[in-house]
Each structure stands twice: as structure tokens, then as C-alpha cells.
């Protein structure tokens, strides 16, 4: 497979935040990512689309070294370069914990900790060793505001996170991810477990967030990708089929395979 | 579908449902065998023993006169032994369980530990008694102390606690693990901030059930040499002169409920049989209470945790 | 939790080394390692326990087998180690162990399985929530209490039915032991059955199957390995049970497979000696370690079988 | 901590327990006494390691145990403290047994009877053709040792196919439930269960059939099945005032208390003599490590003990 | 909500096989279906679409009384009339087992029994008491042929069903459902766990099957609905928003809500 397009083309004014280069990844014997390359533009939303099982989540989870948690997983070649450090995130010399402190993640199903709302958000600060109460309170408030949740929960911060509705829980998880001022936030189908109204509010939020942070999002909903992303990457069977500016991908895909998928001819 | 077909189907269903009914009855009957045995056993013991249960019975030392004999030293001994058992087994068992679930790499060493733990769970208690006799009583020279008994029972329930810990941890959704790691937590932070707090209900249940089993163990205590006549109480835990005195109690002589019961049943006078029944009743009641507590804890703490 | 093994290698290095913000923090690393080492030693402790058990048993048995040839131990048909004319045929104790276990398992396995099937496939939620803890209580009753129950309650009843039954017999001890084991078998089998995914059950019901058909044709085969390991746990419990047999089975070394006779088992022999008058260092004293070693080997074999079964047939849903 | 540690025979246990109970009452709990049951052999084992102060024994110390004690430098005083009358019992429904000779007992119990003598009429043709069911204490008890020595002429020499139990109540139950049963155990168990059992008079060496009773034993008539039982006191411990005081209390009140728990006290002169030996610290055993039947206690106390 | 359209309109030559009337359904306290009505036309494919959680599966599972398996579920009003017998499937007098013998189901994730391929298909015959070997063999063969699986498995009938690939497993489940000659087959997102090629083969199969049997299918993939169904029902929040001939629903929906969903404006 040749190098995908998209490195050159770009939305105006975008610089690179990260860069996936010839990445190979194995789950044990299963070759899940095959020489994948793509750029991640700073302060933009990049969407990963593709049929189920194509490797979207796998690629996303390379960004915060989530695969390190399970035995048998193997980064088998290539890498992800983070800018401006110019370091390969997947290098064994790089501390995965440091990576995760800089690159947050929001999961498919909201997964608040069974702790209070406050503690949920404060957690990512606490693991950074922050203990000052006032500082914590300020940062939690800021994060909740950033996640457009503050108004709804400001007077029930002590309640369990699980008592919130699904959409609120997902925003709580976004607040948790935001609290520590990450450089990139990864979203893995963040709305697939939510109802349309909650979905709409999360989508709006993501668009706002790119002011502050670079966003990478996996979605199986093409309409969603079209609505919120600046760049879109289409993957299939572990390969990167096409990468480009979102409008272009949806209006005039270069590849027949991409077009088939987008027009619903399969999947 | 034709009417005849429908009739045929109905005939088949009627026949199949008769078997269903038959099996339901069989199931209830089987359940009743267990339930009735327990009821008969409990009631039989209660009828014999309950009249003997007054305050004196709990506050008297053993005596050669059945009517004066009580279980003070036995129940205090049981409580102290259980305390030591818990102190020894809980940290070890929980740590081992956490290691196996959260840290253990997939290699032969882990396999050996896992096989070994499942083996330990199947080793008869009397073999633990022999181990304790050889190791604690003679080799380490602990004698017949609360320490020897407590450690023996701790080893006995260690697998129970390890397994309960592992199961409780496994019940925590993977998404919570990942959520924690994604925040930049280290493994130990994940364990101490999330895994342990959220699995505490399951662990506690396992601990209580393990202790309920240990409380009734007779054979291993007999093999380490049971003391029977103790007409005084060991020093209260951690009450002595620090630092050395704090641990006086673990070297103190003791007796426990099942031994007291065993001793009374082997006495010639019939009056002791009543004491034995009363002690047995208290013992069964203790295990029931602990099991009940486990069920309650499981129920209560689960209610507080929603994923 | 092991990180990925092999390093990602770039054909040409990217950047110039690792940035400060991403490099590993030594202090954190060391602290984590220490904690891991501590937790590991707790897990490894269990191996130490096993080694200690083996050491203690083998050490004393060693002396025993220096006096008594292994062939005598295995093939002699008498067990009279404490008598003047000493014989050391472990078969005698084994026969008692096997007979009482067989009786117990004939009670525990069918009843336990039926109860498990009933609770997991037939009973309503309420019944299950009440019955299961209740059953577990049955497993929590101290076995010495069961022993006296067998001796003073069940044996007289059996003697009414079968007047020739001696006051001590393997039958009544075995039956009560079976009842004691029911919860282990039932509870574990039920767990295995409940672990069968609802999708399989729905598949069966959607075909028009009844509960019994679903239970026997779909759930049971799918839960085989779990049920088998429940049985094996039951066997281990039966073989290792002590007090019930010590109290109710008569402790008469008797090479018999007839449950209506009195008999001694390996376990009851060990407590008997522990309670008795034997001088330490005598051959009689060492017999309990040789007997204990036999018991350990037996249960070890069963446990390994169970472990293997679980691994081998791990749910092929 | 003022503590007297006693362990050993289950036969002697009830007397020691009674003495300990009264002694502690008298001392207002200023002295603590523990009494364990690990059997005579288990007791000596601990005793010879210096773990206990006093060992209860239902038989004299044996050669091997003497060596162990000598190796550890433990010296001891041997003090007989009461008699136990081994009682031979049959089921009350048994009408044909009115007395038994030692020869008849031997025919039933000798090793060669194993598997052969299985019917009453094989022992005595006058008796019915009914199965003979034998019950006795476990082969590792002092009671068994003494009975085999007295009947078969050699300690531990016996047939193996009888129902053995360490728990004498279990034997009581066995004999009382089986019409064809014969068993033996300590007098106390017979005395408490007179309704369920029939004691058999034993023909003594003088040719007289004697029913077991406290009086008969004291009169020296119940032979050869009356046996003395002992305590062994460690010479080192004797220097501790509480041990000394306890033993003196034992020898002073042991007779009365023994009778209370259905054992046979020694004569007053014998207790005096024992007290004398004790205060003179006459260490060693009067038996020399061999089992012996029919020794007079008064003779025994006069012997020059060996170590 | 007024009676939905669609009862009158129809594809030519269609007669009714079943008829959902004012159906109310509760999961415990949760009101999952709200006065749902729709017709099921004989020998046609009817698709249920709608955003996640709208009640599609719930409605489908009413047809074979699957809800009876769980405590707390309640058919709270209305019913489903089956023609030509004119019986209400949900009536307490109707034996759910009888209903399930007449109405088969294929699930989202293939769920073959842990048995041989042959026994998987024979299962639905065995529960009907069929024991004759030859008859069983014939019927199993016919069902496997009907599910377009015979060629692939004819010489490995003794192997475990779980050894087949995902798509084959799903066809095995279809064969199982077919074996007993049901009147209706229910499909709950039968291809969502499959790859595109397997999906295509299942879709083809469904179109063929309607010769023999009436089909009701839940899908979240609108393209799939458009490709294979004759009628489409759009549900939202437990209500039936619109029912009609598929072409019409996709080209010219009556309701704004339907249009929004179909054009991907939300969901």
C-alpha cells in the first residue's frame, strides 16, 4: 500500500501536532495495523472512520500506549511522532505514564469512577500529585465548565458520578480528560451509547474544544464525522485507505473503496 | 399453518412440559434434602442446648461440674485466634490476589503460582494440621499458642481470600481500569485508588466466609495438640507493656469452641452432652451469623457501587 | 502487567532522543518496582506453603519408608501399625476413604447437580437469592457438628430400617458428608451454568425449547468444564474430610468396600493418633505423616485434574 | 507470669482438671494452670522438650521417652495419683455372660484371634452362635496398652479387627446399641452409663469373680484390670513455688477429687509416701521403661527409681 | 400519537401475516413501547429502523415472547395478531413455546450451540420430538441448503459449530431457524457483527428467503434496510413514527423526524 494522501493537503493555518509513520501493530499473532501513516493537525478534529473491526480503536489506543496494559500486544514497526518534542511516543524509552498525562482519552461507554463527581474530575490532577485544595477546586471547576457540565452539577459535586444521565456522564469523562490540560484528547466512539440529544451536545462540545486541544475521534457514524471533523481518515482491514480534508473525503473521495463505504454501499 | 399441525405441536408441548414440571419438583425436593437436614440438625441441637444458654454459660470457665462449666475461655480463644488469622491471612491473600490480577505477567512462574493456589484450596485441613505440627509447633517452637493456631488457620483460608480477591477484582469493568490508566495513573495508583476500594465488598465477603470456615475447624487444632482446660483469659491484644508486651497475647495458651465441644462430647457424664450441644449451637450460630454478615455486606456495599 | 515486548524500531531514527517531558521518571519507576516485588512475594508465599507441606510430610515419611518397604505399604492388606504385630497396608485406610467418599459423592453429585440446574434454570430470582446463601450455610456448619449428627441422629434412623447396621458405619458418615458437600457441588456448578451466556439460552428458547430441554441440551454441555471442576472439588472435600468420619465411622481399620461396615480413613487415622498416646519418633508416629503424604498426593492428583479440565475445556461457548 | 503447664493423657485429664480448678479457686487465680490433652505419648514428648511442667500419664514412661528426657537434661518425679479400673462391658440384653476369666478375654483379644474368633461360641461352646463384636480404645492409648499387657501378656499385642475409638463415649454408644457387643474402657464411663451397659465381673488371680467398683479396687481385689495412673513432675519446675504448691495440693486433695470424677483414690498412706518422694525429689521411674501389670502402688513407691 | 400510516398503503399483492395493535410494553418501570401499531405483510421483508435505544429490539422480541424469559417484563396493552388464525400472540392463554415454534429468530451475534453443525440445525427439530434419523438428516440438509451453507459444510457436519467463521455461524443460525419451517423469522441486526462480505451474503439470503417465509428485521444500517426490505418502520423513543413502503420512506418520508434520521442529521 502506498503512502496515503493528505500529508500535503490541509486546512489553512494547520501545523502538525503528531505524525503516524508506517505503524505496524500486532495483537499476539494478529496483524491489526499494517504500515499505517497519517498526520494529526494541531487544534483540529481528525476523525477515523471505517467498518467495524478495521482497526480504528487499535490505532487510537496507540496514541496513549493503552496497548501496553495487555500482554501479547506489540508495536511492531514505525511509530507516532509527537511535536514539538519530536519524540516517538512508542519508543521503549518513553514512559507510557508521561504519554498518558499529555494525551487524554474518552471512551465509548462513559466510565466514571464510582466516586463523587468532584473526585472523578480531580483524579487526573491527583495522579499528578496535586493536593492543594483550592487549586484542585479551581481546576475541577474549570474542567467542568470546559465540558459544559458545570451548570448542571455545581451544587451536587459530592454525588456519585454514576447518578448522572448517560450524556452527563460522558461530559464528566470529558471533564476528567480536560482537567489536566492535555495536548491531545482521544475519543473512541464517544456518543455511540448516547441518545440523540446527548449526542448533539457532545458534538457541539467537541467542536468548541478544538480551540484548546487537538482532537482525534473514532466514529462509525459518517454523518458525525462529516459534522464535526476537519480531517477524516478512512481505514479498512488494518490499512489506511484514504486521508484528507473532511469535505473532500465526503464529497469527492479519491478511492472507490472509500466512496462505496461512504455512500453506504457496504458496511 | 394447518390446524392439524398446531394440534400436533400442542401435543408435543404438553408432553415436554410434563417433564419440566417433574424436574421442577425434583429440584425442589433435592433442595429440601439440604434445607431439611440443616433444619433438623439445628433444631435438634437447639432443643438440647438452648436451655443451657444463660449468661453464666458465656462467662464461666470450664469445670469438672457440667452445670458450672462455661465457654468463656473457648469463645475468647476463638475470637483471638480469628483475629490473628485475619491479621495474617488478609494482607497476604489480598496482596497475592492483586498481584495475580494486576501485575502478573503471563509466564511459567505465574502459572505455577496459579496452579499452586488452586491446589492449596483443595488440600485437606488435616494436612495443614500436620504442617503446623511440624513447622509452627516444633520447628519454630511456637508451641500450642494462639500464634500457632492462628497461622495454621490463616494458611487454610489463604486460598479462599486470594480467590475472592481475584473474583472481586475481575468484577470491576475493564473500562474502569482503562479510565484510570488513561488519566496517567501508575499501576499502584490504579490499584490503591480504584481496584482495592471497589473490590472491598467482594474481598470482605471472601474474608468473612473464610473465617466462618476457620471458626469451625477442629482437626488441624487437634493435630497441633489441643489445650482444653484454660481457666483464665489471655491478655487482651496489644494491651501489654510496649513494645514486647504488645504481643504477649499471641503466645498465650488458649482453647477454641470446637475443641471445647469435642472435649465435652467425650466426657462420661451425660450432662456434658448438653453443654456440648449448647456449645455446638453457639458455634453454628456464630458461623450462621458470619455468613449472614457476608450476605449483608455483599448486598450493602454492592448497592453503593454502580459502574 | 507486562508492557509490549519488542521495541518499535524506526528504520531511520526520528527526532533527537526522548524529550525530557516524556522520559521515564526513575523515582516513580523504583517505587512501583518495590511494590510489585512485595506483592509478588505475597503471591509466591503460597508456593512456599506447599513446599513446606511437602517438606514436613516427606521428611517424616522418609524415616518411615526406611523401615517399612514401599511394597508393604502399598500391598499389605492389614493396617495395624500400633499393634505388636505391625502391618502397614495403606490399602486398608484407602478402602475406607474411597468407600465413604463414594457414598458421599453418590449423594452430593446428583443432588448438587439437580439443585444447580434447578436454581440456574428453573427457580425464580427470589428463590435463587434465598436458596443459595442457605445452601452455603449448609457448607459452613462445622464438620464436627455433622459428625455427631451422623452418629446420634442418622445412624439410629438407619438402624430402624436396617437393624443389622453397626453403630459405627461408613454409610451414615458418608451420607452426612454427602449432604455437607452438596453446597460445594451445587454452588460451583450453578456458577458455571450461570456463566453460560444468555445468548445461548435465548437461542434455545427461540427454537421453542422448554426449560428442561434448554437446561440439559444447551446449558449443561456448555458448562461441562465448570461442572466437572465442581465435582472434583467435591471429591477433594470428601477425601479430605476428617471429623465426620472420626466421630461416626468407627475408626476400625477394615479392608472393605462395604459401606455398612465400620471403617477407618486416612484422615480419621491421623486425628486418632494425634489424640492418642504415641511416643514421638516411633514408627507409629511417623505413620501419620506417611498417611498424610498419601492423602496429599491423592488430592493433588484430583486438583491437577481439575485445573487441567478447566484449562482444557475453558468455555467454548 | 505465674503459670503451670500440664499436658498428656486423656484418662488422667478429668482428675487433673478437677485439681486445677480447685487449686486456682484456692489461689484466687493468682496462679494459672493449663491442662491439655495430647495423649500420654504426646504429653511426654512436650515434657521431655521442657515445654510442660507436669505430664499426665496413664502408663509409666517408656525407654524411648526416658532417653529423650535424659538427652534434654529433664529429670522428673513419678507420682501415682489414682487407680483406673478397666471395665469390661456387654450389652444389657446379653444374658449369658455373668463373668469372664482372663483366659477367655485372651481368646477373644489375642492377635491370633484376628479374623478367626468371630462368634461367641468359638470362645466358649456354651455361648450362643452369635457374632462377636468387639470395641476398645484406640491402639495408641495407654488404656489399650495396659489391657493388652494384662490380658495378652504383651503390651500392644492384640487383634486389629475391632472398633477402636479414642472417644470412650463412642464405645459406650457402640456397646449399648449392639446386642452382641463386648468392650472395655475406663470405669468412669461405665459408671455414668450404667443403664445402657452391663459390667462383667472379672475372675481375679485368686479365683474370685469381682465386679468393678471403687471399693473392690481399693481392697486390691479387682485384678488384674486395676491400673495406677500417674503424673510426672519436672525436677526443674519443682523449684518454682507455684508448681511445688500445685503438686502438694494435688497429692493432698487428689484422692477426694478423683473419687468425684469416678476414679479410684489411692490409700492415704500411699499419698503420704508420694508426698515424701516428692519433697525428697526422688527422680526417675520405678518401672525402668517396661510395662508391668499388677504392681502394688505401695511397692512401687518404695522402689529405687531409675532415670 | 395517532394511528400510523401504512395499513392501507402496501406493495401490490401483499396480504397480512401479522398485525401489531396499540402495543404497550414495560421493562419494570420503564415504558419501552408506547402504543405501537404496524402491519406485517406476508412473504415480505419488513425492516425496523431507528436510533439506538428506540425500542426496535424490544418490539421484535415481542413477536416470539422472548420477554417472557425475564422477570419484570410486562406486555401492558394491545397485542400482536397472527393471521390466518387470528390469535393474539401476547395473550396469556397462548403458550409462548407454541409461539416460538411458529416464529423463529436469528440474533445479532451468531450464537451456535456448543454442539456439532448437524446438531445445531437438528436442534429445532429435536425439540419438536423428531427422532427419525433419516428424516432428521433430510431436514437438516434442506435447511442448510436454504441457508446457503450446505456446500461449505456438507462434509464437516460433525464439527463444532463454533469452528465456523462468523458469517458461516450466522448462516448456521439461520439454518437452525429455518429447519422447523417457521411462519415468520425475526432478525435482530443479524449482520452487525460481520464483515462486509459475510454481510452481503446474508443480505442476499434474506431476500431469497422471503419466497418461503415472512421476515422482520431490525437494523441500524439504513442502507441495509433500503437494500433488502419491502416495508420500513421508523421508531423513535418507543413510538412508531412512520411506517410505509421502503422506497417511499427513503425517498419521501412523511415526517420531518424520519427525514432527519435518514439523511443523517442525527443518530
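Chains: A, B, C, D and E, in written order; residue numbering restarts at 1 for each.
We adopt the following convention: contacts are C-beta pairs under 8 Å (C-beta built on N, C-alpha and C of every residue); 3 or more make two chains touch, one makes a residue touch a chain.
Just so it is clear, the model here is predicted, and its values are computed rather than measured.
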item: Joint neighbours of chain E and chain A, given as chain labels; value: B, C
item: Chain whose average C-alpha position is farthest from chain E's own; value: D
item: Inter-chain pair with the most contacting C-beta pairs; value: B-C
item: Centre-to-centre distance between chain E and chain B (centres being mean Cα positions), rounded to whole Å; value: 50
item: Geometric centre distance via CA averages, chain D-chain B, whole Å; value: 39
item: Chain centre separation (chain D, chain E; CA means) in Å; value: 85
item: Two or more partner chains touched - positions in chain B; value: 13, 16-17, 105-106, 186, 225, 265
item: Junction residues of chain E - those touching two or more other chains; value: 97-98, 101, 127-128
item: Multi-chain contact residues (two or more partners), chain C; value: 1-2, 28, 210, 213, 274-275
item: Touching pairs among all chains present in the structure; value: A-B, A-C, A-E, B-C, B-D, B-E, C-D, C-E
item: Of chain E, residues touching chain C in the complex; value: 64, 66, 69, 71, 97-98, 100-101, 104-105, 107, 109, 111-115, 123-124, 126-128, 160, 162, 173, 176-177, 180
item: Parts of chain E lying in touch with chain B, wherever the complex brings them together; value: 85, 95, 97-98, 101-102, 127-129, 183
item: List of chain B residues in touch with chain D within their complex; value: 61-64, 143-144, 225-232, 253, 263, 265-270
item: Touch list for chain C against partner chain A, complex; value: 1-10, 14-19, 21-25, 28
item: Sites on chain D touched by chain B in the complex; value: 3, 5, 7, 10, 13-14, 16-18, 20-21, 24, 29, 32-38, 42, 46, 51, 166-170, 172, 186, 188-189, 191-193, 257, 260-262
